[in-house]
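In the two complexes that follow, chain A is the common piece, with chain B as its partner first and chain C second.
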Partner chain A sequence: MLSININLIVAFALALVGVLIYRSHLISTLLCLEGIILSLFILITLLITHFHIFSISILPLILLVFSACEAGVGLALLVKISTTHGNDYIQNLNLLQC
Partner chain B sequence: METMLIFVLSLMLIFGFVAFASKPSPVYGGLSLVVSGGLGCAIIVSLNSTFLGLIVFLIYLGGMLVVFGYTAAMATEEYPESWVDNMVAFSMLLLSLLMEMVWLMVSGEVEVVMAVELFDSLGNYCVGQDWNGVSLLYGCGGWAMVLLGWILFITILVVLEVIRGL
Partner chain C sequence: MSPYVTTILTLSLFIGTCLTIFSEHWFTAWMGLEINTLAIIPTTPKNPRATEAATKYFLTQSTASMVMMFAIIYNAWSTNQWTLMQLSDNWASIAMTLALAIKLGLAPFHFWVPEVTQGIPLLTGMILLTWQKLAPTAILFQIAPHLNMKILIMLAILSTLVGGWGGLNQTHLRKILAYSSIAHMGWMIIIVQINPTLTILSLTIYIMATLTMFLTLNLSNVTKIKSLGGLWNKSATTTIIILLTLLSLGGLPPLTGFMPKWLILQELINNNNIMTATLMALSALLNLFFYMRLIYASSLTMFPSTNNSKMQWYDNPTQITMLIPTTTVISSLLLPLTPLFITLS
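Our next item is the complex of A and B:
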């Protein structure tokens, strides 16, 4: 496996761990989600360039369209939470605790 | 140094990812995501896929991250937390460097494929072909274009319904 691919897979894993851990803000989790999408974009583009499969060059674009939809819905939820609680701290999301 | 450029760029991309995955204040996270996007574009353009690098800058940085930047600027606080007292950032940095050392010891050398030939082994012309590949979205993939437009329209309605309170 090439070294660039290893570095990008490590970057994907770092952003995934960033989505899963909780610190103070909710928008940081959405930023880590965007990081996941960025690493996937670069990985697909490296695949296209390395193996000369230029027919699937539309796949990064389709990935970005769906990522834009996902970011929009995530930000809408963030705005709703911020309207209800005044800030976007994760410690306010405690309705489902036992 | 010239042959190791792409490897060094991908290494700096890992540092940029560590900077926002350790989740400091959102302003610093957005800044490091912008830097990571720029480095990712540099990696893609170094391999002669110039259209997809342009897409990263225009659509990803210029479209999506601007929205995140404005939202983070609205939610800014008085003392934003940076990476100084952040144990998560330090441990992520150590683990990624350890991962690189292990990879270098296991694989023996760093091999970077920077050769982009004019013709590949089958005789196809392959410089600048990503522009031609994307044009398939307008040609035989026209149905995909219509479907994506419909999905974006439905997403706007979903966002408005979520904001309104359903």
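Our next item is the complex of A and C:
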């Protein structure tokens, strides 16, 4: 385990905490989700170059493809929420309270 | 929605789950779960409640996917392999368990299940609560030897208690079925390390009963307890089906729903988990209470309605009720086949 891994795991943990704790806007949650994806991408790439397992070199690219699709869906939902509510404040998402 | 879009989305849902179940590499399992998440989001309609439900579903499921990916990569760093059945690293298995708990809607990660189930139509909610549970349960079944029993017990007991107490104050039927889903997932999780076959058995019987409930409710489009009160007038047989299915979900003896609970309690007691077994059995009573409330509203009493006659004289059924008799029989009459299911394990 390299010492750079601690750096990346802390980056992942920070971005995860950023997804879980939010202030007002939905788009900051989506941004932190992208931060998680970035840290995971770098982790896989480091794995490949460190252990020289070039057979799975395509893996970071597949991760990127699926994460881009997910980000697209997230943004589409953000646009729809902005259409109905006018802004992307998370406190407005209270139509389905018990 | 255009039939091409519906075909693509249905195919993607099917392919996603099949990809996860049949995969040996962790990455293809993760891909299948992602495809499932992405495929169900466009099936929600355009009203504000459905958009909000889709957003909450998307946020929780993608967070869970990312935590799962982290567990996979951490496991690859420390053990250098990607086989689905070997999740040897301790921290990776803990992270994977929590990620799958978020995906399945186990307490304390259950907060999205009632709200998302409430916001979407009945049939989409049915797919959410039945089909989307197959892939994460398949992964749990395969990594069962490496899981941490303490975390499993905590998730399971919390889920059954939350599922029981949370459903007591609800009047919307979709929220009631969501809390029922949380409680049943708790029953499935507790036994996954001791006897994983019982997890699959419990999941199958739960899916059959939930399918029956959703399809029956979809016939007359009832979504609240008040609407259940008028069901005796429109179609009295529907009330009988609801009675049988709800009693089966509650786990009462002559019906099939008793079988998984019985076998799970027996396996727990054989492993000296008597306190756990007692807690789970007692929390199933909470579930039974609000099922009884639904049965009371639909079959046991006749609510006042605008129609003064006991039955409709002109019965013109226009709905397709294809699957309901099959799933009703499966979810109520299969208890004598218990020896068959025991020998399968």
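Here, the second predicted complex is superposed on the first by the 97 of 98 C-alpha atoms of A that agree within 3 Å, B and C clash if a C-alpha of one lies under 4 Å from a C-alpha of the other, contacts with A are read in each partner's own complex, and residues count from 1 in each chain.
The rule we apply is simple: a residue touches a chain if its C-beta (ideal position, glycine included) is under 8 Å from a C-beta of that chain, and two chains touch if they have at least 3 such contacts.
No experiment lies behind these values; they were computed from the predicted model shown.
Residue contacts after overlaying the shared chain place A:34 against chain B, while chain C stays out of touching range. Touching more residues of chain A than its counterpart among chain B and chain C is B. Of the two partner chains placed by superposition, chain B and chain C are both touched by A:62. In the superposition on chain A, contact of A:95 is made with chain C only, not with chain B. Within the superposed three-chain model, A:25 lies in touch with chain B and out of touch with chain C [touch as defined at top]. By the touch criterion defined above, A:73 lies against chain B and chain C together after alignment on the C-alpha atoms of chain A.
In the superposition on chain A, A:81 makes contact with chain C only, not with chain B. Once both structures are placed on chain A, chain A residues 29, 56, 62, 66, 69, 73, 77-78, 80 are touched by chain B and, in the other complex, by chain C. Taken in their complex, chain A has these residues touching chain C: 1, 5, 9, 12, 16, 19-20, 26, 29, 33, 36-37, 40, 43-44, 47, 51, 53, 56, 59, 62-63, 66, 69-70, 73-74, 77-78, 80-81, 84-85, 93, 95-98.
Put simply, chain C touches chain A in their complex at residues 27, 31, 34, 37-38, 41, 46, 48-49, 51-56, 58-59, 62-63, 65-67, 69-70, 73-74, 76-78, 80, 82, 114-116, 118-119, 169-170, 175. Those residues of chain B whose C-beta lies close enough to touch chain A in the complex are 6-7, 10-11, 13-14, 17-18, 20-26, 29-30, 33, 36-37, 40, 43-44, 47-49, 51-52, 55-56, 59-60, 63-65, 67-68, 71-72, 75, 81, 88, 92, 96, 99-100, 103, 107, 110-113, 116, 120, 124, 126, 129-130, 132-134, 136-137, 141, 144, 148, 151-152, 155-156, 158-159, 162-163, 165. In the complex of the two chains, the chain A residues touching chain B come out as 2-4, 6-8, 10-11, 14-15, 17-18, 21, 23-25, 27-32, 34-35, 38-39, 41-42, 45-46, 48-50, 52, 54-58, 60-62, 64-69, 71-73, 75-80, 82, 87-88.
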